[in-house]
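Take a look at the structure below.
We just call them A, B, C and D in the order they show up, numbering each chain from 1.
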Amino acid sequence: MDLKLGHYDKDGIEVVDVEGEIDVYTAPRLRELLIDLVNKKNYQLVVNMEKVEFLDSTGLGVLVGGLKRVRAHDGSLDLVCTQERILKIFRITGLTKVFGIHNSVDEAIAERKADK
Amino acid sequence: MDLKLGHYDKDGIEVVDVEGEIDVYTAPRLRELLIDLVNKKNYQLVVNMEKVEFLDSTGLGVLVGGLKRVRAHDGSLDLVCTQERILKIFRITGLTKVFGIHNSVDEAIAERKADK
Amino acid sequence: MATVEVAFTPLPAHVRTARLIATAVARRSGVDESVLDEVRLAVGEACSRAVEAHRVYCPQQPIRVALTGDGERFEVVVTDAAPAVEPVPAGAAGTASDTVIDGLAVIAGLADDVRIGAAGPGTSIAMSWKQRIPPA
Amino acid sequence: MATVEVAFTPLPAHVRTARLIATAVARRSGVDESVLDEVRLAVGEACSRAVEAHRVYCPQQPIRVALTGDGERFEVVVTDAAPAVEPVPAGAAGTASDTVIDGLAVIAGLADDVRIGAAGPGTSIAMSWKQRIPPA
């Protein structure tokens, strides 16, 4: 409820669209999706947070958990986020240094490809 | 707060536009406006409720109070309302029989003119 | 135990907060969208009555609202602490020269079931609605 | 006396209700729009912690939230009844294999002032913000 999840392949990278509120109530659904994608051998992920209205520490924990899972397979989890109120919680928790945070899905994919 | 009031003359009838919530908190402002209009000798009123989101018994009381005031000067107070959820409270309180309720400001004015 | 309980000081602005809370809790308890407007209006009426009574008789005392969704019924109980059994006289809260519309009649026209009872020095209004879909 | 007090059962869905209430009461207390997001997030963090602790230790007990706007500061106190002084172990509420991000650190980064104290068997987190405009 109040969280919409979608995902699609773009240039061999799996893009996850997240819309709504990621909190203690909805975070389990995002966790399940990330685990499911990794189980299906998608290790290069971009999570598009442009339509996220609310993110709390439970949601952050799920993103960090996803990052650990893809890293265990030498993969990556990049974020797309330009909203100041969402970026603020990444800064408060020091996670801006942990995630690659990009301005658009295209930018995230381009930088990831260049990194290889 | 959360109640916007405007009014204008149309064909000698004063139309009051009400937008937002009319409740115990905001009804006093509508009451003041109606008293003020009557004091300025506007006895033919049409209250446009098309943008009213919420109306409770306090708001209804103010409308009935306005009706009494204009009637004391042989005037009229007609309503414009097509929203089912607002009409419901007029029906519950039996006030659909007390007010002329119209589908548009033009209809309210035309019927009031024809009535004369 | 009620699902959510709220206590607030008798200010007209808090009637809006109570309406907002009642609508949110009802929605999350699985009350049908078409019924939410009724819940919002009925809870607002009960809280407006309580606020007016408290302002006259006991402005320092909080008004209490208990919301319970058990999957079959959604119930809201609004309890005031005003010693008056009679309705607040017209004009007591600045409604001078307005017609007093009976909020209880509105509540009775909205809720599936309404019970009014004594609660300590005050009065409680219990309103309930049948739930049409199971809670989320 | 707090302006508005809320008590709710420890369900994740009610954390949202608590956030909604805190934002609404803060707005009506005159808290600046730019600060409302901070209030919403901080109250949500405190309530999430409390809900997780209650689910482990005392699922029958309500969590209490008191909101007070005195015109100078807007204060929210979230009180749990969980006997544990230590944080809830990671994974206790189904967060297995996620990194536990410290909600208290988030709260400390958001509120102007945070005080943590013992409250009966449980813990209270008092968060406050300076008010920039007078209450409506």
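Convention: a contact is a pair of C-beta atoms (placed from the backbone, for glycine too) under 8 Å apart; a residue touches a chain by one contact, two chains touch by 3 or more.
As the structure is a computational prediction, the values presented were derived from the model and not from experiment.
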What is the minimum number of touch steps required to go from subunit B to subunit C?
1
Could you tell me the distance, in whole angstrom, between the mean C-alpha positions of subunit B and subunit D?
43
Where the CA atoms of subunit C average out and where those of subunit D average out, how many Å apart are those spots?
25
Set of subunit D residues in contact with two or more other chains
13, 16, 136
Numbers and ranges of subunit B residues touching at least 2 other chains
none
Return all touching chain pairs.
A-D, B-C, C-D
Contacting residues of subunit D [partner subunit A, same complex]
12-13, 15-16, 19, 37, 40-41, 44-45, 48, 51-52, 94-95, 97-103, 105-106, 109-110
Tell me, which parts of subunit B touch subunit C in their complex?
2, 21, 23-25, 28, 31, 54, 56-58, 60-62, 64-65, 68-69, 85, 89, 92-93, 95
The subunit D residues in contact with subunit C across the complex are 1-9, 13-14, 16-17, 20-21, 24-25, 28, 60, 62, 136
